[in-house]
Structures are given as C-alpha cells and as structure tokens.
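Structures follow.
Okay, so chain A shows up in both of these, paired with chain B first and chain C after.
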Partner chain A sequence: MNFTFRNKKISGILTILPAHEQKFVDDMKNFNFSEARSLKLKQVMGYDRHRLVTGGTCASDLAIFGFRHLFDQELLAPDSLDGLIVVTQSPDYFMPPTSNVIQGELGLRHDMLCLDINQGCAGFVVGLIQAFLMLEQDSISRVALVNMDVLSRKVSVKDRNSYPLIGDAASITIVEKSEGGAPIFANSKMDGTRREALMIPAGGFRLPSSPETAVLEDVGDNNFRAKDNLRMDGSAVFNFVQIEVPPMIESLLALAGKSVDSVDWFMFHQPNKFMLEKLCDKMKVPYEKMPSNIVEHFGNASGVTIPTAITFNLGDRLRAESFLVCLAGFGVGLTWSSMLLRLGPLGFGGMIDYP
Partner chain B sequence: MDPFYSKLAEILEVEEVGENSQLDTFPAWDSLGVLSVIAMIDSQYGVNLTSLDLVEIKTPGGLLKLVLARKGG
Partner chain C sequence: MLKGIRPEFDFAASSDFIADGLLDSFDMVTLVADLDKTFSISIDGVEIVPENFKNIETIRALLQKHGITT
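And then the complex of A and B:
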C-alpha cells in the first residue's frame, strides 16, 4: 500500500540509551557453543557490545526521561503536543495504554490523542505513517512519536540466536506541519501468515504465562529458551528480508520518481551488519550510504534502531544540513514498510544516556 | 569439481568438502554456518532456501542438487 504526504516534516529526534553496557565476549560464556564459533558469529554479524536496562526499568522510564530532557533544555514545549504515539512491544501493562501512562507522568494536557501501536522492527516507519495521518487533521499540528522497547527482559541469556543482538532504547521524534517542501512517500506491507517467525509465544491471552511456560527448553539448535522468551527464526527472517525488502524499495523509489543514486542515506532497521550488507549487495547501494554500525555499538532495539542510526551517524549535522533519506523497517508481524523523505535541518537531533 | 564445493568449504572452515561428506560432522555446520550457506546460495545462485529445506539435506552433493533444482524451477 502506498502513501503520499504533503506539508509535513520531522523537526527533531532524540535517542535515549540505557547507560549499562554489556560485551559480547562476556555474553558468550552463557552460550552452549565453542568459543571459536561464538567469535566467528561476532565477526560475521558485527556483534561487540550492547546497551541494556537493569533491574525493573521499563521502556516508558526511558521515554519519560527523554521528554524531561527536552522540556528542561527548552527544545520542546509540553503544551505544544496534540498527539502522542507510543510504538512498543514492551508496554508497562496490558491496560492502561502506555501512552496514557507517559502523558500522565509528564502532566501533558487532556486535549490530545494518545495512541499505542504494537509494532517492532518496522515500528519507526509505521509510527511515522500514523503521525502523518493524524497531522491531516486541522486540530493536530504537532505529534510526538515515541519508539521504545526493553525486550532484553524477554530474551533468554542462553539463546545465541537473539541475545547478542538485542538492545534496549527509546526515541522521541517530533513530527509537525510545515509549509511547502517535497512530498513524503511511503509504503507498507503485512503478512500475518508468517507471524510465528518472530514472537513471544506466552504471556498473552492465547497462552498465559505459567510455571510451564517459564521452563527453559533446548529448542534443538543448542539454544535454550522458554515460551515466555522472545524467539526468532533467524533463517526465515533473513530470507524474508532479502526477498521482500529490495522490491519494496524499488517500488518506493518508482513512486517518488527517484533513483538509488539520488538518495543520500539509506537509514534501515539494524538487525545486524551481515543482513544489511547483503541487502546493499542486492540493491546496488554502496555500504557507506547504509550505516550498519548500530548493533555493534548499542544492540538492536527494534523500532528504535532507525532513529538511533540517524542520530548516531548524522548527529549534529542534521542541525544545519538536509538529506534525502530512505527509511526501511522490517520484522515482526511480518511487517515491512519504507519511506522517502527530506530530513533536516532539525531543531534537535542527539543521543542521551539513561539515567 | 563444481565451485560450489569450494565456497561451501570456505564457510565450513575446512580445506575441502566432498560430494558425500556428512554435513552434520562439521563443527561449523551450526545455525551460523547454515545461515552463511543460505546467504551464499542466495547471492551466487539467486535461490532462497530456508533452514527447513536444509533439514533433509545430509551432504554437499544433496545440497547442490537442491539448489540446481530450485534454480531450474
């Protein structure tokens, strides 16, 4: 499905990372693999260190910390928000919505629309699409899009498939109306028949958590995880990405009437270096135009990886410069979605540590 | 010998693999090895295999046969 938006822009991006860092060489002591094979994995996938929350820190704690920073620095006025979208798969509760939790903690005004979206790796693009749709309303001029996840709390430390790549983080992206500027193009696709490739099987209403769902099982490939844990079918996800993403980008660029060469940056979701380089090869995109350094520095925090890639790689440049940027998210659902937009100059663009 | 076997040997971190070697005897034939092989087959042959496809495959010769069959189809 294609989307076109006019007179809208991203005006600021802040990434919030937990200060606690863990190293892959320490993680690998928990894996049931030889040291040589784990080091090979580190090299191929580009694993090195990742940022994880400690104790009972929730995703909303990171987001609230980020908002307070923006308010304190006078980069954002609390009363200027007409909408708050929270994209997460690690909500504080089943009910109420975590967007309402954040709105309440920050003391934002009542006259606004708060919305939770359950999305993962495609959550930045899906969230932007939702934010732009809201901005079509006369009464909505500025929306805060929050992407946040602390999925490390759901991953087994004995699962070499998922643990080394997982990261926790949050981002706050401010989206608002603007006069003129180039149209923004986007597309999205969904395939719920392949939903089991990435899932947390237990803990919802279909399979409530119980002592049985907490038992670590050898799942047949030397990885141990429980039904309460996140599970990922690595090769199914790899194939999904290699098959579906290149034609999606081709179709997005055709919709926009742009060539691969005209795009300054391909800011894609960051599953690992390996997968992104294979995508570059397929799409004939030079590696230097598609940063793939987020997993090695911070880990993969699902929907937060694109804002992290933008703020880490472009940072202060975005205060003054502007780039034609192609975004793409792909993962849980399965969902794959992309967007082409001119990004910058931004009012703010940076990264902070929590706490 | 088909260049497929030398590419496979490289991923499995051995000097060479035979048509009838047993894949599950290579230490590097783990989830990472399988993924690397899937990626190599995708880039070199344009064929997308899943780990499920590989469950039945016991030897490099069997794997090459599957790749060529998929490519032909």
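And then the complex of A and C:
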C-alpha cells in the first residue's frame, strides 16, 4: 500500500538509551558454543556491546525521561502536542494504554489523541505513517511519535539467536505541519501468515504465563529459552528481509521518481551488519550510505533503531543540513515498510543516556 | 574453510551437513562471509538457504553460479 503526504515534516528526533552497557565477550559465557565460533559471529554480525535496562525499568520510564529533557531544555512545549503515538511491544500494562500512562505522568493536556500501536522493527515507519495521517486533521498540528522497547527483559540469556543483538531504547520524534517542502512517500506491507517467525508465545490471553511457560527448553542449535521469551526464527526472518525489502525500495523510489544515487542516506532497521550489507549488495547501495553500526554500539531496540541510526550517524549535522533519506523497517507481523523524505534541518536531534 | 568453522566434524563423512547437525544457520552465515571474502563475490541473500549448503556439491554449484570453479 502506497502513501503520499504533503506539507508535513519531522522537526526533531531524540534517542534515549539506558546508560548500562553490556559487552558481547561477557555474553558469550552464557552460550553453549566455543569461544572461536562466538568470536567469528561477533565479527560477521557486528556484535560488540549493547545497552540494556536494569531492574524493573520500563520503556515508558525512558520515554518520560526524554520528554522531561525536551521540556526542561525548552526544545518542546508540553501544550503544543495534539497527539501522542506510542509504538511498543513492551507496554507497562495490558491496560491502560502506555500512551495514557505517559500523558498522565507528564501532565499533558486532555484535549489530545493518545494511541498505542503494537509494532516492532517496522514501527518507526508505521508510526510515522500514522502520525502523518493524524496531521491531515485541522485540529492536529503537532504529534509526538514515541518508539520504545525493553525487550531484553523478554529474551533468554541462553538464546544466542536473540540475546547478543537485543538492545533497549526509546526515541521521541516530533512531526508537524509544514508549508511547502517536498512530498513524503511511503509504502507498507504486512503478512500475518508468517506471524510466528517473531513472537513471544506466552503471556497473552492465548497462552497465559504460568510456571510451565517459564521453564527453559532446549530449542535446538544449543539454544535455551522459555515460552515466555522472545522467539526469533533467524533463518526465516533473514530470508524474508532479503526477498521482500529490495523490491519494496525499488517500488518506493519509482513512486517518488527518484534513483538510488539521488538518496543521501539509507537509514534502515538494524538487525545486524551482515544482513544490511547483503541488502546493500542487492540494491547497489554503497555501504557508506547505509550505516550498519547500531547493533555494534547499542544493540537492536526494534522500532528505535532507525532514529538511533539517524541521531548517531548524522548528529549535529541535522541541525543545519538537509538530506534525502530512505527509511526502511522490517520485522514482527511480518511487516515491511519504507519511506522517502527530506530530513532536516531539525529543531533538535541527539542522544541522551537514561541513568 | 568448513573445518575452520567447525573443526570438530568430519565433513567428508556426511552427505547432508544441515540434517547431520554439522552446520547451523549461523555457520552458514559465517561460511558465506568467508566465501564472499575469499573469492571476492557477494552471494545473494536469497541464496543463503539450507539447500545450498547441504554438501560439498551444492556449495560448489552455488559458487559456480558466481563464476567460481573449484
């Protein structure tokens, strides 16, 4: 499904990372593999260190910390928000929505629309599409899109498929109406028949958590996890990405009438370095135009990896410069979504640590 | 190259590396990275499937598709 938006822009991006950092060489001790195999994996996949929450920190804690930073620095006025979209797979509760939790904690005004979206690695693009749709309303001029996840709390430390790459983080992206400027193009596809490739089997109403669902099981390839843990079929996800993403980008660029060469940056979801380099090879995109360093430095925090890639790799340049950027997210659902937009100059763009 | 990835196995004694547990999905990725680097090729992401890494013959056939004869 294609989308075209006009007279809208991203005006600021803030990434919030837990200060606690864990190193892959320490994680290796939990895996039932030789040190040589783990080190080879580190090199090929780009694993090195990841940021993880500690104790009972929730995703909303990171987001609230980020909003308070923006308010304190006078980079964002609380009363200027007409909408709050929270994209997460790690809500505080089944109910109420976490967007309402954040709204209440921050004392935001009642005359606004709060909305939770259960999405993962495609969640930044899906959230932007939803935010731009909301901005079509006369009554909505500015929306805060929050992407946030603390999925390390749901990953088995003895699961080498998932644990080395997982990261926790939140991002706050402000989108608003803007006169003029280039149109924004997007597309999104979903396939629920492949939903089991990425899932947390237990904990919902279909299979409530119980002592049985908490038991670690040998799931093959020397990995151990419980039904309460995140499960990723790495091979299925890898093949899904390699098959679906290149034609999606080709279709997006055709919709926009742009070439690969005309795009300044390809800011893609960050599952691992190997997967991104394979996409580059297939799409004839130079490696230097598609950063693949987020798993290495921070881990993969689902829908937060794209804003992290933007703020980490472009940083202060976004305050003064403008770039044609192609975004792509792909993962749980299965969902694959992309967007082409001109990004910058931004009112704010950066990263902060949650202590 | 296979011995470098899993030195504990005798690959010559197996006709199906995947079914016999000699290579897992991460080993396939590691092997592809090694093959790409050694032969200066880029094996397509969609080719990284168990069928292409079942045994020496299937790996050789994959390399031949990329102009490499061994």
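Odds and ends about this structure:
Just so it is clear, the second predicted complex is superposed on the first by the 355 of 355 C-alpha atoms of A that agree within 3 Å, B and C clash if a C-alpha of one lies under 4 Å from a C-alpha of the other, contacts with A are read in each partner's own complex, and residues count from 1 in each chain.
We take it that contacts are C-beta pairs under 8 Å (C-beta built on N, C-alpha and C of every residue); 3 or more make two chains touch, one makes a residue touch a chain.
What you are looking at is a predicted structure, and each value in this text was computed from that prediction instead of being measured.
Once the two complexes are laid over each other on the shared chain, residue contacts for A:Asp221 go to chain B and to chain C alike.
When the shared chain is aligned, chain B and chain C each come close enough to touch A:Lys40. When both complexes are overlaid on chain A, the residue A:Asn32 reaches neither chain B nor chain C. By the document's definition of touching, of the two partners only chain C reaches A:Val241; chain B does not. In the superposition on chain A, contact is made by A:Leu279 with chain C only, not with chain B. In the superposition on the C-alpha atoms of chain A, the part of chain A touched by chain B in one complex and by chain C in the other spans residues 37, 40-41, 44, 160, 221, 234-235, 238-239, 242-243, 274, 278, 281-282. Looking at the complex, you find that chain B touches chain A at residues 13, 27-28, 30-32, 34-36, 38-39, 42-43, 48-51. Residues 37, 40-41, 44-45, 160, 221, 234-235, 238-239, 241-243, 274-275, 278-279, 281-282 of chain A are the ones that touch chain C when the two sit in their complex.
Chain C meets chain A in the complex at residues 5-6, 24-27, 29-30, 33, 42, 44-46, 48-50.
If you check the complex, the residues on chain A that touch chain B are 33-34, 37, 40-41, 44, 160-161, 221-223, 233-236, 238-239, 242-243, 274, 278, 281-282.
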